[in-house]
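Take a look at the structures listed below.
The two complexes that follow have chain A in common; it is paired with chain B in the first and with chain C in the second.
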Partner chain A sequence: MSALRLALAYLRFHWVRSLVLILVAALIIATPLGVERLIAASEARMTARAEATPLLIGARGSRLDLAMAALYFSEDSPERLTMQAAEAVWESGLAEAMPLHLGFRAQSAPIVGATLDYFAFRGLTVAAGRPLALLGEAVLGAGVAARLGLGPGDAIVSSPENLFDLAGVYPLRMPVVGVLAETGGPDDMAVFVDLKTAWVIEGIGHGHEDVLPAGAEAGDIIADAALVAFREVTPDNIDSFHFHGAPADYPIDAIIAAPFDDRAATILRGRYLDRENPLQIVEPAEVVGGLFERVFRFKSVLDAVVAVVAGAAALAVGLAVFLSLQLRRREMQTAFRLGGRRSTVARLVATETVILLCLAFILALAILLMTEGSMAPIAAGLVAAA
Partner chain B sequence: MIVARDLAYAYPRGGFGLRVPALDLAAGEKLAVVGPSGSGKSTLLDLIAGIRRPDGGALLVDGVDVPALSEAGRRAFRAARIGFVFQTFELIDYLSARDNILYPYMISPALRLDAAVRARAGALAQAAGVADKLDRRPGDLSQGERQRVAICRALVAKPRLILADEATGNLDPANKGVVLDLLFAQAADAGAAVLAVTHDHDLLPRFDRVVDFAGFADRSAA
Partner chain C sequence: MRAALAALFMLCALVASAAEPLKVYAVNAPLADFAARLGGARVEAVFPVPAGRDPAFWRPPLALIAEFQAADLILLNGAGFASWTQKVSLPRSRVVDTSRGFADRYIETEGVTHSHGPEGAHSHAAVASYTWLDFRQAAEQARAVADALTRRAPDAEAEIAERLDALTADLSALDTRARAIGEALRDVRVIASHPRYQYLARAYGVEIASLDWEAGETPTEAQWRAFDHLREGAARVLMVWEAEPAPEASAALTGRGVAGAVFDPGAASDAQSRSFIDRMSANLDALEAALSSM
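Presenting the complex of A and B:
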């Protein structure tokens, strides 16, 4: 009891040192555990999303890029394909085809051009406002709406594809007509538009009163990329919007294929086996599983690094204890002269170390508990950033 | 209180030894030990306290053959029967003055801390004039106050013998007399004898007896 009292008195007297030691030890304990949980949460999220997506069709190329773009709206765009591929899936009678147009962004959020089938497939419901109905409208994921503070009645502007591409597309100002209910997945972080709206952003579809600088009067049609301007689909100009070229040639980035049964899935997969076929079909769960195999291989290296760091930290603690004993040599001698054991101070230092480690464990646990709620959004963010 | 005969001690690494043909200290007596540095005065205190074991001779302290005791026995003997006062006070910097006085009870299994001990510590602090500073740490006390706290610590276990090693060596002239008077008064109240090593010859008249250690050193010891 006296050892505990003396140890506490010492720690209280050297409170700054004690606090630093507790914080450092807590971080050393909490960091690997937190990373472990974050990876587990990310894996759970990514795997759930992949398993909920039966098949993906895209242009032949990186299977990972295709899966990451179509499932998590990553910035790495896969090779493009055309709407003809989606029509072919529909015509096969083997699966439901949900084309996705990806690649554009609005205030850092991915703009996803999709058909209404996509919303039904993902179980996305509108929490505020209404679903997409007209050309040029946008529906926000819950995360984007919260981050940007936008809701129905506001507007969001698509970002230019390339700042220095003067001949590139003009931004499109889109009225926000709805906000989706939170799902905890990548859909929360996306801006959804109709496929046709995505093509308008891309410049395939356009109206004829479309380039208006701020303050310009009606009739002042200016086509000058140096101006800060945006286009907008309004009731006045919506009828003038039209598309050039054959619809089958309009670009998309991926197709989610939902086969009607296992047999249909097998047949559909067989159709894309030919390596000469410019299209490929992938099973997202398989691609994401392979990704995590690689992540875990890397993680074992990370674990080894953490083990080395922990070993170094243990050595540092050992050195701190040794130096502490050296510094308290006089106290040791005094204790011995007054009738204490020679090991009195060593026992005190051991007690202090145990107290510090206990407090560090409690703090680490508190950190982990406090970040418990943030783990899902961080995992979602990581998944989105992946 | 102390009976030493033909006491001999040599440091294991050689170079210095101590030979004390005879040394006696009566109960309640105040004895000053003087002598040049290196004459073995502090070594004598260590032998009496059982910190070192003599190589030869007889040593009885309060009727106990200290060298015959085990290591644990000597520690318990030291805690219960001997009070130490050091030149540099040796207070524990992270403890309050109150806890410093009670420190022997916190480190020795031979002593048990109870309400009576706490009351005694308070009374000693009152008598030493530091009762209003019991919650302060040594760093917040003056030199004289620190030594008063150290004297209270030496007396709290009601020892039969006080060993003072240059107890006034770090004090200013005004405080030296005051602290020594306090030590003597408190020791007298407790019925304890005082054996004090000192270089301060001005203080010698206050002692009952003075022993010069100049001739006790054995520099031929190997």
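Presenting the complex of A and C:
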């Protein structure tokens, strides 16, 4: 009891040193555990999204780029394909096809062109405003809306593809009609538009100003490059919007295919096995699983680094304790002279160490508990950054 | 006990399915009629275009777009009919383009030429959209509707197939009648008040020149001059109206010795709530009557 009292008195007297030791030990304990939990949360998040996406169809090329773009809207765009591929899936009667148009951005957020089926497929619901209805409208993910401070009634402008390409893709100003409920996934960080709106941004669809002079007949239209391509779809000009070329040739970046049953999935996969086929089909869970295998290889290196750093820190703590014992030699001598036995002094030092470690464990636990809530958003951020 | 529970569950499921018919929204009256006839009690066919509005150019308000989005099935005509469908968000999984099967047989019409950007001048070829006036194409559209309904209600496959057979037979009978009328119209100059009848003309071998007159309005002098120019040199002329003409217009035609017939293209809802088959039969009756009066 006296050892405990003396140890506490000592630690209290040297409170700065005690505090530093507790902090260092707590960080040594909390850091690897926190990293472990963060990686597990990120993995669970990425894997869940991949597993919730049965199949992806894209142009033959990098499977990883296709999966990362279609699942997490990464900036690395896969090779493009056309709407014909999506229609072929529909016509096969084997799966529901959800084409995705990716690649454009608005205020650093990815613009995702999709059909309404995508929202139902991902279980995305509108928390404020309404769903997409008209050409040119946008619905924001919860994260984008919070980051930009936008909501229904505001507008968002697509980023120009090329500042100096005056005849190229014009930015489109899109009214924000809704904000999606938070999902904790990449959908939170995206700006959603209808597929047709994405084609308007790309320049495939556009509107025209009325060039017919008063009193002129329709056949009198003589128009040239002076015609204006609209940068906003409004109730007044929406009727003039039209698309060029055959709809089957319109570009998309990926197709999410949701087969109607296992047999349909097998047949559908079989249709893209031919290496001559310009299209490929991938199982996102398999691709993301492969990615994690690589990540875990990297993680084992990370674990080794953490172990070395933790070992070094533990040695530093040990050294600090040893040095403090050296500094306390005179104090020990006094204890011996007062009749204290060697074991009593050892018990005193051991009690101090146990108290320090207990407090460090408590602090480490508190750190882990405090970061528990922010683990999901950090994992979501990591997933989005990936 | 288990069997009784299972039977009760099935009965409940049947009652539930019977209580909630499929909500099928259509962009024109023929498709709504096909859906209602093929689906019977299993379908609630909705054609929301208000009376007196042209469904080809009507634009729905937001509330109706939301209704379309929530429908179990959305029947599009394709061929550019109801261009508003190209400017709204609809769930592809529930949209059926009923003329997609014969998209290679669409009739291109005159488009608008314009230019923007470095691509130079280009033209937008428009497409004739009253596809159902070729009754064989109408039968193909009916089949597309039947297929979509069957996918949504697989347990009703047999009854839908049976109704499709009956509808196809009716359309085939119309087709046969229209062919005979087409034969009889070979040496008649046919002029239509509106460019609606491209598929009818192609299917039944009739050459139809089109004006751009509003039915119910009295044509201007310039319009009559255009009409007279079209009928120049023809011994027998038949004017086809898409709706009942103004009495002055009818009298002016009679004065010119021109027969007239109303052929309602049937895109809009019918004031008398007739079925598609009845409306088209009445159209063919009118053509036959006009022919016999010549």
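As a convention for this text, the second predicted complex is superposed on the first by the 348 of 386 C-alpha atoms of A that agree within 3 Å, B and C clash if a C-alpha of one lies under 4 Å from a C-alpha of the other, contacts with A are read in each partner's own complex, and residues count from 1 in each chain.
The rule we apply is simple: a residue touches a chain if its C-beta (ideal position, glycine included) is under 8 Å from a C-beta of that chain, and two chains touch if they have at least 3 such contacts.
Predicted model only: the values in this text are computed from it and were never measured.
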Applying the touch criterion given at the start, work out whether A:H14 contacts chain B, chain C, both or neither, answering first, second, both or neither. first
Answer with first, second, both or neither: which of chain B and chain C does A:L6 touch in the superposed model? first
Go through the superposed model and pick first if A:D239 touches only chain B, second if only chain C, both, or neither. second
Is A:L135 in contact with chain B, with chain C, with both, or with neither (first, second, both, neither)? second
Which partner, once the models are overlaid, touches more of chain A's residues, chain C or chain B? C
First, second, both or neither for A:L33, with chain B first and chain C second: neither
Chain B contact footprint on chain A (complex, rising order): 2, 5-6, 9-10, 12-14, 330-331, 333-341, 344
In their shared complex, at which residues does chain C touch chain A? 59, 62, 65-66, 69, 83, 86-93, 112-118, 121-122, 124
Residues of chain B defined as touching chain A within the complex: 49, 51, 75-76, 78-80, 82, 84, 86, 90, 92-95, 99, 103-108, 110-111, 113, 137, 153
Can you check the complex and tell me which residues of chain A touch chain C? 90, 96-98, 115-117, 120, 130-135, 137, 167, 194, 196, 203, 206, 208, 211, 218, 221, 223-225, 227-229, 238-239, 241-244
